[in-house]
Amino acid sequence: MRVVTMGEMMIRFMPKGNLRIEQADEFEVHYGGDESIVAVSLARFGMESRYVTKLPENPLGDNTLRKLKSHSVDTSYVARGGERLGLNFYENGASVRPSIVLYDRKNSAIADADPEDFDFDAIFKDADWFHISGITPAISDKAAKLTEVAMKAAKKYDVTISIDLNYRAKLWSVEKAQSVMIPLMQYVDVCIGGAEDAARMLDFKSSKPMYTEEGYNIEAYKEYFVGLKEEFGFKYVASTLREGASSSDNAWAALLYDGKEFYHTRKYELHLVDRGGGGASFSAGLIYGILNGFDIAKTGEFAVAASALKQTIMGDYNLVNLDEVYALMNGDGSGRVQR
Amino acid sequence: MRVVTMGEMMIRFMPKGNLRIEQADEFEVHYGGDESIVAVSLARFGMESRYVTKLPENPLGDNTLRKLKSHSVDTSYVARGGERLGLNFYENGASVRPSIVLYDRKNSAIADADPEDFDFDAIFKDADWFHISGITPAISDKAAKLTEVAMKAAKKYDVTISIDLNYRAKLWSVEKAQSVMIPLMQYVDVCIGGAEDAARMLDFKSSKPMYTEEGYNIEAYKEYFVGLKEEFGFKYVASTLREGASSSDNAWAALLYDGKEFYHTRKYELHLVDRGGGGASFSAGLIYGILNGFDIAKTGEFAVAASALKQTIMGDYNLVNLDEVYALMNGDGSGRVQR
Amino acid sequence: MRVVTMGEMMIRFMPKGNLRIEQADEFEVHYGGDESIVAVSLARFGMESRYVTKLPENPLGDNTLRKLKSHSVDTSYVARGGERLGLNFYENGASVRPSIVLYDRKNSAIADADPEDFDFDAIFKDADWFHISGITPAISDKAAKLTEVAMKAAKKYDVTISIDLNYRAKLWSVEKAQSVMIPLMQYVDVCIGGAEDAARMLDFKSSKPMYTEEGYNIEAYKEYFVGLKEEFGFKYVASTLREGASSSDNAWAALLYDGKEFYHTRKYELHLVDRGGGGASFSAGLIYGILNGFDIAKTGEFAVAASALKQTIMGDYNLVNLDEVYALMNGDGSGRVQR
Amino acid sequence: MRVVTMGEMMIRFMPKGNLRIEQADEFEVHYGGDESIVAVSLARFGMESRYVTKLPENPLGDNTLRKLKSHSVDTSYVARGGERLGLNFYENGASVRPSIVLYDRKNSAIADADPEDFDFDAIFKDADWFHISGITPAISDKAAKLTEVAMKAAKKYDVTISIDLNYRAKLWSVEKAQSVMIPLMQYVDVCIGGAEDAARMLDFKSSKPMYTEEGYNIEAYKEYFVGLKEEFGFKYVASTLREGASSSDNAWAALLYDGKEFYHTRKYELHLVDRGGGGASFSAGLIYGILNGFDIAKTGEFAVAASALKQTIMGDYNLVNLDEVYALMNGDGSGRVQR
Amino acid sequence: MRVVTMGEMMIRFMPKGNLRIEQADEFEVHYGGDESIVAVSLARFGMESRYVTKLPENPLGDNTLRKLKSHSVDTSYVARGGERLGLNFYENGASVRPSIVLYDRKNSAIADADPEDFDFDAIFKDADWFHISGITPAISDKAAKLTEVAMKAAKKYDVTISIDLNYRAKLWSVEKAQSVMIPLMQYVDVCIGGAEDAARMLDFKSSKPMYTEEGYNIEAYKEYFVGLKEEFGFKYVASTLREGASSSDNAWAALLYDGKEFYHTRKYELHLVDRGGGGASFSAGLIYGILNGFDIAKTGEFAVAASALKQTIMGDYNLVNLDEVYALMNGDGSGRVQR
Amino acid sequence: MRVVTMGEMMIRFMPKGNLRIEQADEFEVHYGGDESIVAVSLARFGMESRYVTKLPENPLGDNTLRKLKSHSVDTSYVARGGERLGLNFYENGASVRPSIVLYDRKNSAIADADPEDFDFDAIFKDADWFHISGITPAISDKAAKLTEVAMKAAKKYDVTISIDLNYRAKLWSVEKAQSVMIPLMQYVDVCIGGAEDAARMLDFKSSKPMYTEEGYNIEAYKEYFVGLKEEFGFKYVASTLREGASSSDNAWAALLYDGKEFYHTRKYELHLVDRGGGGASFSAGLIYGILNGFDIAKTGEFAVAASALKQTIMGDYNLVNLDEVYALMNGDGSGRVQR
C-alpha cells in the first residue's frame, strides 16, 4: 500500500531545553514539515511512503533529503532547485509561557515550485492515498495551485485524499484561506481538523460551543462532524482533542466519524517533551488504520496512541515503531522500565 | 519615569539541568542580584531604569556591565574598582530535593564600597522611585551604611522608596538584621515581603498562623499588613504567596494592600524552570503598576503574571516584554503554540 | 560496621535528556550496577563499605575503580582481568513512553570470574553484612556459582546476608531463576523484593492481588510477607511500593516486616529525574537503619527517603549525605531554596 | 571623535568546531556583518561609535540590537521593520578543506530599506568618519541607492569616508559591482582592499602579478596603490596581505599608503580560530589610528595587530581591548600565561 | 557501475575533542567500519554502492542501517540478527600523545554470521567490483570463511576484487593472519596496503628499508610493488604513504602501480581533524578512478585528495562530494573562504 | 616510597575551547594546584603519595577531596574547615593571543590555615620526600609560615625537600618573595626553576643572557646552576626550558644538574592542548626518577616526556600511566594509532 504526501520541509531552529530564542547562543536543528511527518511515520510503520517536495541544491537541501532517506521514505520525486529552504525558529514554552514560532519561509523552493517540476502521473499511478495539510496551499499562490493540480491528478487515479486543515494565522487570512480551501474540498475524502479550523477555513460554523470549562462537548462535536460530511461530502471526519492550559502538560484524545459510527478515544494525560508533530502523527495513524482495515475504534486508538507517543519525543518525527504504538494502545503506559 | 535600584550583582554558577554541584564538570554562568533583576525588568517594560553598584575592574566586572547595557539599563553610575565580584553556586533541586545556594560573596566590590563611590545627588535628583532589597544591607556593615546613605539621599529628592525584605539566613542573624533594618523603615514607603521575613527582620510577629495545611490564611495576612502599616508607616504592603512541597512545582499568587484596599490575585500553578528571580520580578511588576497608575487589582495581576512568567525562564532575569505579561494576565496561559 | 557487596559494574550509556537511543549522537556515561549503588550509598553515609567485583585491565576498568574510590568505597578486593566491562544502553522514557534498557553485558569480567579470583576469607572475616542482588547470579552460570560460594563464606563468619530479588527477564527465564535462587535462600536473612519478583524467582505466589486500581493492597502484602518468612526463614522482609502510570511521575513508598511488626512508610509523590538506582538506594537505607539499630519505623522512613532522593538525581548513585536524608525524613520536602 | 558605520547585520549559523554543515545537529549563533564589526571594535577602543541599519521587529532583531548595545555601540538610529534578518551558514574549514559560506540574506530588512528610514542629517552632523564596505551596496539595488544617499549626506558634513571593497561573488557580478562602485568612489577618502578586489570592483588592473610563489610582490603593490590614488583621488589606500594554503594557518600583514609614505607591517603567523572579521577589524584599527593621529607605521602595526588578534577569537567581533592590542604590537606574542 | 563491499560496522565511541577516555563523561557516537566507509564514499560519488553485513535486531542495528540509507547505500542484502553490534572506544591523540583504540567487538552479528545469511549470487550477479579489507577475515574464523565464500562467489561473476590489507595486531597474530590471507590472494586483483602490512600478512618482505629519516624510499617501494605483483598475480598495487611524528599533523601521499606504470602523488601536509577512515577513503577513490577509466595519475591524485579531505572531517565517513575532491586535486587547497 | 606534597587546591573555571572569559556562558570546572598535580602524578605512577591541604566543609571541598581519592592520593591529613575554596578563571589563549589567569583565591581555607591544623610529625615520619612550590608561601603570610613549619618538620625526619620556584607576580612582589623564599632555601635539597624565577625570588642573577634569539644558552644556564648550588647548597638543580612565541605551539625540554653532571634532554615540539600543569608534571617526573634511582639522563628524559604528555591533555592533572611515559621516552611519538 503506497501513500503519497506533498508539502514543505523546513529546518526548525530550536533553543535547547526551555531557553527563549533570546537566550540561545546555539540552536538545535530539527527537520520537519507536516506532510513529511506523515511520510516518515508511515514508512516506519512499514508502508510504501512517497514524499513530494522541492528542495534547494545546497547542503541544507541535501541534509533534508538524507533525513528522509534514512527513514526509507521514497524520495524519487523530490525536485531540486529554487532559492532556499524554509526555516522557522521555535521556542519551547514552559508552564504558563506559550511556545512561539517565528517563520522565515518565504521564497522557499517549494513555495516557488511549478506543477511542471513534478510528474504527477508517475507519482500517483501506483498510489493508494494522497495526504496533504492546509499549510501547503497557505505558503504561496503557486503552492495553492500546486495543491489543486496534485489533487486533480490523484483523483484521476482514484487515490483517496485526506487533508489536515491546520490553519496558520501567520501564513494567510481567514478570507484568503476560505477562497483557496473551499474549492479544494470537492476532492477530499477524509477531513482531519477541529471545529475551530473548519470554521475559519471552510466557513462552516456551529452555533454550539465545542469547548466549555468541563472540556470538549462531544455531542456537539458529533453534530458538527455530521454537518461537515453533509456540506462537503467527506467520507471520514476526525479531529484530535487537546486540552490543557499549560505548555508542559496536556490531555490528548480524538473523535472519529466514518459516516456511520463515531468513536471517542481514550484520553492520555501527557507531560510534553515536544508537542510539535502531534497532529501529523495522528493523521499518519489514521491513514494507517484505515488502509489496514482497522475498525473505527482500533483506528482511533492506534492514531491517538501513536500521536501521544510523538509528544514525548523531541523533534518533529514520530520515532516509534509499530510495537511501541500497540504496547501503549494495549494499556502499557505504566512507565515501567523494559529490562 | 525613572527608577533607581542599588545592590550587588553576582555570578551564579549553576550545574546543567538537575545535576548536583557534586556532579558538575561545567557550570552555567548566570548573572543576577535582586535589585538588578528589578532594573532589567523595568528597562524591558520601557521605563528609565538606573542601576547602582560597584564592579571590579576585570573581565567579570566588564561582562556584568555588558549584560546590564544589553537590556538598556542606565549604568552611568556604576562604580568600578574593589577586589572581586561576588559569586554563588546554585543547585537546582528537583521534586523532593531542595535547591541549594552556596555563597562566595565576601569582600565583593559592592560589599566594600564607600558612599563616596557614588554621587547620590546626581543619582536621585531626576528619579521617581528607589528600590532596594534587604539583601544589600546584609552583605556587609559598609553596605548597610551605604543603604542608609542612599535612602536618605533619595528622600531628599522626594523619591518613593520600596524595599523587598528578603531575609537571608546565610548572610546575617535575626538580631543583626533587626538592628539594621528597623531603623531603615522610616524611609520606606512600600514594603514587600511575607510575614515570615517581617517577623525575622522587623521583629513584627502575629499570633495567628499565616499558613496552614489548607494554604495561606488570607484574613490573618490582611490583619498583619494593617499592623505593619501602622507600626512602620508604610503606604503600601505586598507579599507574594508561594505554596508547594516540591522543587519542581509551586503555586504562585500575591496579596497587596494600598492602605485602603486589599487585593488577592489569581493563583498560578507553575511548573518551575528556574524560580530564582521570582520575588524580584514581582517587585518590578508592582513598581511598574504603581508608577503607571494602575489600580490595585491591575497592579497585582500584572506583578503576579510577570513574576509567574519569570519562573518559567532559565536565569535570573525576567526576559519578557509587556505584551507577554498582558497576554498571561488576560488569560492566555493556554500553552497554545503561537503560529 | 563493615558491609560487603558483590556484583557487576557496568557503564550505562544514556542519551541526553529525553532523547531516544535512535537520536543520540552522544551518550552520557554513567557507572552503575545494583550492588555498587548500595556500596556507594553506605560509604557516603559513613560506613565501611567493601565492594567486590572483577574489572578488565583497560581504561574503562580503571575508570570504574576510580569512581568507587572517589566515594571512599574499599576496593582492595576488586579483581582485575577478564575480557570486557559490561555495558547497557538506557533510554530515559517520558510520560507515556517507557524507559528502555538494552543490555550488552555478556562475557564481562565478573560474569566469567572464578571463585579463585577472590579471597573470601579475607573479605568476610571483618564484615558485618553481605548484600547482593538477584541480578548477579543471573548474569552467568559462573556468577551464580560465585554467589553461592560468597554466601557460604559469609555465613562462615556469621555475616548477615541480604538479597534484593530484582528479576531481570532479559537475563534469565523464570525457571532458570528459580533453580538458582531457591537454593540460595537458605543463606539469606533479609529479603528485599516485591511480590511479583518473589513469585517469579522463588515460586512463591499469593492468591490475592497485591495491586488493584486503588493501589497496593497492604493487608495482602503483609500476609505475603509472613508467608515468605515462614517458607524461607527470612528474618526481615521488605519491599518498595512504586505506583504510577508514567515515566515522569511516580509514587514511592515501602512496606517492612521484621518478623514482628509491619511498617508502611510515608508515600512520596516523585517527579522523576532518573529512577535508576531507586531500589538499590532503598536497600542501602534499610541496611543502614538495621545496622545502626533504628527501629522499624525509622529504618523504613530513612530507606524510603534516601531512595526517593535518589530518583531526583541523574545517574545511578545516590549522591546525598546523611543530613539530606534526615531533612527529607523529617518533613522538609518543601522545595524551599536553602539560602 | 565619532565614527558612523552602516550595513547589514546577519546571524551566522556555524557548526561546532570543525564539523561540516551536513553534520550539524546544532548551530552556534554568531552575530556579524562587516560594518558592525568595525562599530564594535571602535566602541571597545573607547570611541563614539554609531551603527546604522534596519532590523526586523522580532526576537532576532531584538537580539541583534542587544548585542550592539552590550558593546556600547550607539544604536539610536537603527530603524526597525522590514521582513527578516539576513542569515548565513558558515562552515569552518580545516587544513586543506576550505571554509564555506551559504548566504540566505535576500529580502532582509536593510536590503529593503528606504533612505526615508534614516535621518542622515542627524546621523552625520556630529560625526567625523563614515565607514562602509562594498558588501552593503551589493545586497540589493535599494541598498546601493542607500549607500549613495548616505555618502552624499556624509560629505555634506565633511565627514571622512572609508570603504572596504570586499567583493562578494555570491552577491553580484563583476559588471554589476563596477556599475555601482565606480561612481561611489568620488566620495571615498580611504580605500581599503586588495588588488584582486579593486580589479573586479573598480576595473583597475595592474599588468604585474601581485602575488607569486614567494608571496606578495610589495613593490608592485606600491605602484598599484599609487595608481589607485591617482585614478580615484583617494587620500589613503591600504590592504591586508593574507598568505597561506590552509584553512588552519595563515600569515597576516598589511600594506598602507597615505599618499606620501608606504608602510609594510610586521607579518604574523596565525593559527586561526575564526578568520571571519579579520578584514573588518583591520579597518577599525586603521580608522582608530588615523583618527588618533598615529603615524602610518603605528597605524599599520596597530591595525594589523588588532586584526591578528581577531582571528584567534571565535565569532565575528574583535573582543579585545586597547591594552591587548598594544601588548601584541609591542612584541608580546610570546604565548606566556599572564599570571 | 556497481561496487559491493562487505565487512563489519561498529559504533565508535569517542571522547569530545582531545579528551582521554578516562575523562569522558560523554562519548560521541560515530558509525564506521572500513568497508562501509568505502561504500559511503562511492555512493556519495554517485556510484551504485551495495554494502553487505549483518546487524543485530535492536536500536543500534537500526541506527546503523539508517546511517547507510541516508547516504544512498544499497542495504538490500544486509542480514539482521545475531547478538550484538561491535563497538570500539577511540581516543583522539594530540601532538606527541598517540590515538588509542579499545576494541569491544567480539561476538558481533557479522563475526558470527554464516554464508547462508547472504545470497551471494544475487549480490554479485549485477556487480562490477568487490572490495573488502583485511579486518573482516580477522574478526573471527567464521568471518574468514565468509570472506572466502564471498570472494569465490564474486569471481564466479567476473567481479574485480580489491583488498585493503589493514593488519590489526589486536585482532590476530601475524601467523594467523598469514594462514588466512595468503590463500585468499588468488582471488585478488587490486592490492592496497603498505610494505609493513604486506610483510606481516603476506609474509612478503623486502631487504631494503622502505622508510628512512628522509621519508619513504620510493624506489625501494616500486621494487616491492613489482615483487608483490609477481608473487601474487595482482593487477594493481597501491599504498598510501603517511609521514609524521605527531597525532596532530601528518603528510599524506600515495604510490600506485598498475602493472606498467608507477605514480607517486602530490603530498599533502595535513592538520588532522580525524585521521580515521583515511585509508578506506583512499581505497574508495582508487576504485572510483579505475572504474571511471581515469589514468593512473588522475586516479592517484583523485584518491589521495579524497582521502586527504577525509582527514579534515570528524567521523569515519568521507562527507565530501565530487566537486570538492576535484577542487582540491586541481589545486585549491588555499583555505580561502568560498563566498 | 612515600612523597608528601602540600599546597592549595583550586577550582579552575575555564571557557570551552578557545573562547574568551567574556564569551563564556558556561565554564568547565577543573581542579588543580601545583602540588596536587605532583601528588596525582606520583600516585598514578604507583608511589605512595600524600597530599596536605585544608578544604572548606562544603560541596566544593568535598569534590576536591573526591578528585584526589579517585587517583589514590592519601588524603588522611587533609584538614577541613575555613571559609572558601580558592578559584581562578583561566582563559586558554590561541596563537598570538596569550592565556590569562584571573585569581580569586584570597581567604581560601589553606591561606588561612594554622600549623595546628596539621599533625606534621605523623605526616612526615614515614615519608621520603617533601615537595612544595613557591606558590604556597605566596598565597598568605600564614601560608608562608606554614611552609616553614612544614619544611622544618620534614627535616626533622630527614625527608628530602624539593621546591618548584614558580614566581607569581599576581600574588606577591619580588621583594616580598625574596624575604620569604631566601630563608626557606636552607631546607631545600632540590631546586626546580628557571633563571628568571630564581633571579626574582632568590635575588640570584647572572650577567649572561639565558635566552637569545637562537633559544636557550645552555652553557650560561649550566654556570648559573652551579652558582645556585654553591649559593644555596642545593644538591640538585633543574629547570624546564620552554620556547615559543605562541599560545598554540611550544618547544619543551629541560636541563638537569645533580651536582656532578648536567643533562640536557631531548626537545619536544608540542601542539598544546593545555599547558597548565606542565611544570608540576616535570617536578613529579624528576622526583620519580630520583627516588627510583634513575641516572640523570633517564630522570631527565622521564620527566620531560611525562610533562610533554601533560600538555596534550586537558585539565591540570597528568592523566597518564608509566607505560605511556616510557613509550614516549623510547621514541614512539609517532602519532600512530594503537590498534
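So that you can tell them apart, the chains are marked A, B, C, D, E and F in the order they are listed, and the count of residues begins at 1 in each.
Basically, contacts are C-beta pairs under 8 Å (C-beta built on N, C-alpha and C of every residue); 3 or more make two chains touch, one makes a residue touch a chain.
Remember, it's a predicted structure, so these values are computed and weren't measured experimentally.
J.: Chain by chain, through touching neighbours only, how many steps does the shortest route from chain C to chain D take?
T.: Contact-graph shortest path, chain C to chain D, evaluates to 2.
J.: By mean C-alpha coordinates, which chain is most distant from chain F?
T.: Centre of mass proxy via C-alpha means gives A as farthest from chain F.
J.: Examine where the copies chain C and chain F touch and state whether the two sides share over half of their residue numbers (same) or under half (different).
T.: Answer same: the two copies use largely identical residue numbers here.
J.: With residue numbering as the guide, point to the option in A-B, C-E or C-F that repeats A-D in over half of the contact pairs.
T.: C-E
J.: Have a look at A-E versus C-E and report the one with more C-beta pairs in contact.
T.: C-E
J.: If you average the CA atoms of chain A and of chain C, how far apart do the two points sit, in angstrom?
T.: Distance between chain centres: 44 Å.
J.: Taking each chain's centre as its mean C-alpha position, how far apart are chain B and chain E in Å?
T.: 63
J.: Which parts of chain B, given as residue numbers and ranges, touch two or more other chains?
T.: If we look for residues of chain B contacting two or more partner chains, we find 17, 20, 22, 25, 66, 100.
J.: Could you list each pair of chains that touch one another?
T.: A-B, A-C, A-D, A-E, B-C, B-D, B-F, C-E, C-F, D-E, D-F, E-F
J.: Quick one: which bits of chain D touch chain E in the complex? Just the residue numbers, please.
T.: 17-20, 22-23, 93-101, 103, 168-170, 244-250, 275-276
J.: Can you name the residues of chain A that touch chain D in the complex?
T.: Spelled out, the residues of chain A in touch with chain D are 13, 16, 20-22, 24-29, 58-60, 62-63, 66, 83-84, 87, 89, 91, 100, 102, 104, 106-107.
J.: So in the complex, the part of chain A that touches chain E is made up of which residues?
T.: Against chain E, the touching part of chain A is residues 66-67, 69-72.
J.: List the residues on chain E that touch chain D in their complex, please.
T.: 17, 268-273, 308-309, 311-315, 319, 324, 327-328, 332-339
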